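Same chain, two partners: chain A is paired with chain B first, then with chain C.
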Partner chain A sequence: MSANLSNLRHTHGFDLVKPLSVAALVLMMLPLILLPLASIFIFGMSAGLDKFWDSLTAPDAIFALKLSIVTSFWATVFNIVFGLFAAYVLARYQFWGRNAIIVLISIPTAIPTAVAGFALLLLWGPYGLLGQYLSDEYRIMFTPYAIILANIFVTFPLAFGVIMPVLETMDRSLEEASATIGASRWQTFWHVTLPALRGAIVGGALLTFARSVGEFGSTILVSGNLSGRTQTAPLYIFAKFNEGQVEAANAIAVVLAVFSFIIFSILFFARDWLETE
Partner chain B sequence: MKGASNREAAVQVRNVSKAFGSTPVLRDINFAVEEGEIVVLLGASGSGKTTILRIISGLETQDEGSVAFDGRDVSQLPARLRSTGVIFQSYALFPKMSVEKNIGYGLRLRGRKKAEIDARVDELVRLVHLDEHRKKRPSQLSGGQQQRVAIARALAYEPEVLLFDEPFGALDAQIRTRLRREIRSLLKEIKVPSIFITHDQEEALELGDRIAVLNAGRIEQIGTPYEVYMYPQTEFVATFLGAANILVGTFESGSFRAGKIAIELGETELRFREGQSIKLVFRPEDVFLRKPDNRKQNYQNLSDAVIEEVSFVGAFERLQIRLETDERQQLIVTRPKTETSMNPLKEGDRVSTGVVRFRILPNFPLGSETAAKIV
Partner chain C sequence: MKTFICGLIFAAMICTGCLPGPTSTGGSKTITVYAFSIMKESLERDIYPAFKEKWRQQHGEEVNFTSSFAGSETITNQILQGAPADIAILSIEMDVDRLIQAGQVPADWWVTAERGIVNRTPFVILVRQGNPLGITDFADLAKPGVKLIHPDPVSSGGAQWSILSIYGSELKKSEAATGAKDEAKALDTLKGVWKNVISTPGSAREARTQFETGYGDALITYELEGLLMKQAGAPVEIVVPKSTIFSEHPGVVVERNISAEEREVVYAFRNFLWSDEAQKAFVKNNFRSSVNESFDAANAGFVKIEMPFTVHYFGGWKKAYPDVIDAIFRKQVKGQ
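Up next is the complex of A and B:
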């Protein structure tokens, strides 16, 4: 039986600590999180809805949003497939160097994103380690492919990190039962393992996607930040801000903020549903 | 082994040995399960019983020996091609599939037609009395219902043998007793050969047509519940399956002797050397207690004794007594209620003791149980 924390009391009668501590919590969050977010909306709308709508529907703005979504989508697809594969191999087999691989997969979390972008340039750039041997049509730096590559690098451990613990704690007898009933390894994976990972896969995908859409540090280095060609939404915000077009920057900022709010709401409220159903 | 027939046994395990690393877990396991028979592998945890089950199902590979179904060697086949029905302790029902989907899984894997699958699932949900629960998820069912789904799922593809891995371990005592009767009658109805593993002796006695008692990776004895309980071949079997008193003595001119105690042995026990160290093994319920003045000679006399402790344990009375011999050995005695009301005893009472039924085993000072095995 677990202790019911809300009933665990140190005092009799009215507990003053409760409202005070909740208030302190909100007060601390106010300048750090809530006010910055609120100001995006306040400034975004301050010039009127028409102006907001115009900024949002400017061709470069729409292109930037689309580019962010498309590059993030492909990075997510890759990292889910890879994360699933890596988690399966690492959860199922014990081998020499297993821990080293887990550390390697997790490294991108600790590397500054600008360093990640720089590293990609040093490898694939025109004078890079491998890039210098590529002919012009295969040069991927400063194209949307470079953005996908940077997104993959930066979000590499996210899906893996969500899927791996679920796979490790999964009851092995489910897969064994499937085998004794007559399933091949692939049939067991498809009918038994994958459905059990559904929640983790959706969660990992949302996390990867949200993180990719907002990626800035690595993207600005590898994309070339060319308006209408390789400029993603966060780069667009940065560029417009530098040009002094605050409304334009603000409109996209609102969209990105709302977008991430939706994704995390799904993650938070749908977690139980994803796990059980 | 049951009567010599020309037919091959449904399951034949021959000379199976297995080690995990350098630790041997199974040594030279041999047994057979006949068509429609229920065999229980009884042993403590670590005795290797689960490993036997996993080797039969193909989830584990034996180092030596073979497994055959109906005379067909399946030793080299992977689990999915062996067609065994394993009922796991956790039941291992697929949580995202309904009861029906779980039961039909084996047939879907085999590419059967939908009509055929539906008909078979219909038949099975009725057999295990889950008709009104067929659309539910496993998490919505009770432990007993989940177990019946697991059995139906295994029966769907007509397995060669059903393997039950401690199937009642997760259930509470009352449900456990009812379920094992239900399952036994179900298995007798469908006549699929079955192997149960358990550490519960009561469960083994009630479920099994035959019981194989395992100890440290070996089968100590295999036989009907009656044989194994009444004629244990080793001290381990005697003490693991029920309780047993053991007195150490010597074989002297056709008798067991320990100090003043002399027990005359029947003809079947006369195979020891003169002076050989032997053990007298007898069950607590096979001890007779009489007030010393009321002695009847319809049992073999042990010695006088003093009652040290009397406790009531449900259906019977349990006494701890100490013999008035030089060694002052302690014995455990149980008496049914009929006996306790006719002849009440309390702590400190002196009684004369006798033994009605006993086994004689050789006593090896450092001998292993297997060395002590007498057949």
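Up next is the complex of A and C:
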């Protein structure tokens, strides 16, 4: 038995398991992730670069991308501020109901996004719980603000989830030292705690942003899906696919795929840089 | 840290500049149209530009259109939840009734030329090139092994037309042969066809996209969809059932969403849908005219149907919906 084990350890010579397992990993990813992504690129370009560029620069397509980016940006700003605050309160204080709050914050992860959409409609829609008391000028549903609300709901736990563990495991001696030399709570937070969370904040923000840009299920319910007014990039893709304009759908899909590639590359490389700076 | 904050503020400044809102239209008017899926081409290619031109000539004012296309039931639900539609063009009158009940559309919407019906189109079967399975009528779709794509009656009006078409065609044929409607046979055919359905997309247009991407042997859909696919060079054939239904599509003004100043232009646009110009544009885009059948001669692609019928064969939607869609399809076919 022990002889077998030492054979498996490959303490000498070429380790065959390494290239084989890397190859197995790539092979597994091929049909699941890589080929589907590749087919978006192949079909997106199949009609030629001119056609690709035309689909990309169609006014409704540009509007859809812009709307997605702006609504996602505001959802990210809100969720970072909220996530930071929630993580700080929950990591620093022990109180009755703390676990319940953590569970509540995490709920949107498991709720189907379509449910998030109609939950918002049932609350803010013209016949909703609160929406029925709003006059027409302040109507939120079927405007870009509804998309921001939906994005906030769906990405609620992401930034919190990244920041909370960092805050919990943080070395608190620096904060204590800062307090000893007479810094106020706010000064300690601003000059000591926040810089230590830099990596987590950027990571949480990028995750939230990326997830918001790709959000579909809740947006289609609350936005009204009007091209050039409330149609985000994922809704545009869906609409074009349904209309049978697969090239137009693909052009935007390519942009979103490249976009998420960039986001996660930044996430990967920036984390080390931010944490060592 | 400072650079990070500066970056954040900078990004915030950029984004505040473009906080999205309805793009300002500077003195011009915008009509918001929610329409069922297959209305897209005719509206965007011909009807909108023609009305814009007409309004400009008559009033010296720009009109813009913004629209959303989805299954008839889906857009009805969106409007019921408050979507800002000025005009709704729906596949089935039952959806108009739902809007009336919610107080969004006046109950006398149909007191217009052609009872509020904007255009019509018969239901046909699409098969792969060469018709490899030898399908000639609805009953052939019930044969074992046929893979059928059929839109979902929950979200699509076209799906409900299709069900009425399958069921009604058997009644119509048996009535012509024996003088009596054979309801048992019609139910059997509908059951058999439904057993072969492999996918229920949300709208007629989604169903077509699925069929176009190579999924399924056959598709029941609007004649218009078949003609569009053939014009695009898709390797499909249109099979014309011996007896089939003409779907009739109502266009309504969503009173609740229009303001006093929009009223004139919105009603002008709705009435424009019945003008000769618009009706001819519908024919050009493969719909049949609801106003003047002689316009249909302009489209050489239209198929000939031996025994056509409309929803009035069932006594109108008010009877067809509870009697066929609900009592027969939902209770006896879907739950079989």
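Please note the rule applied: the second predicted complex is superposed on the first by the 258 of 277 C-alpha atoms of A that agree within 3 Å, B and C clash if a C-alpha of one lies under 4 Å from a C-alpha of the other, contacts with A are read in each partner's own complex, and residues count from 1 in each chain.
Throughout what follows, a residue touches a chain if its C-beta (ideal position, glycine included) is under 8 Å from a C-beta of that chain, and two chains touch if they have at least 3 such contacts.
In this text, all values refer to a predicted model and were calculated from it rather than measured experimentally.
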Chain B versus chain C as contact partner of A:184, first or second or both or neither: first
Contacts of A:51 with chain B and chain C, given as first, second, both or neither: neither
Chain touching more of chain A, residue-wise (chain B, chain C): C
Touched partner set for A:196, first chain B, second chain C, both or neither: first
Partner chain(s) touched by A:176 [first = chain B, second = chain C, both, neither]: first
Which of chain B and chain C A:127 touches, first, second, both or neither: second
Chain A residues contacted in one complex by chain B, in the other by chain C: 195, 198
List of chain C residues in touch with chain A within their complex: 1, 4, 11-12, 15, 18-23, 32, 37, 40, 66-70, 78, 81-84, 203, 205-206, 208-209, 212-213, 232
Chain A to chain C touching residues, read off their complex: 66-67, 69-71, 73-74, 77, 121, 125-127, 131, 139, 141-144, 194-195, 198, 202, 224-229, 231, 239, 241-244, 246
Partner chain A, residues of chain B touching it in the complex: 57-59, 78-86, 88-90, 92, 94-96, 105-106, 109-110, 139, 153-154, 157
Residue ranges of chain A in contact with chain B within the complex: 171, 173-174, 176-184, 187, 191-192, 195-196, 198, 276-277
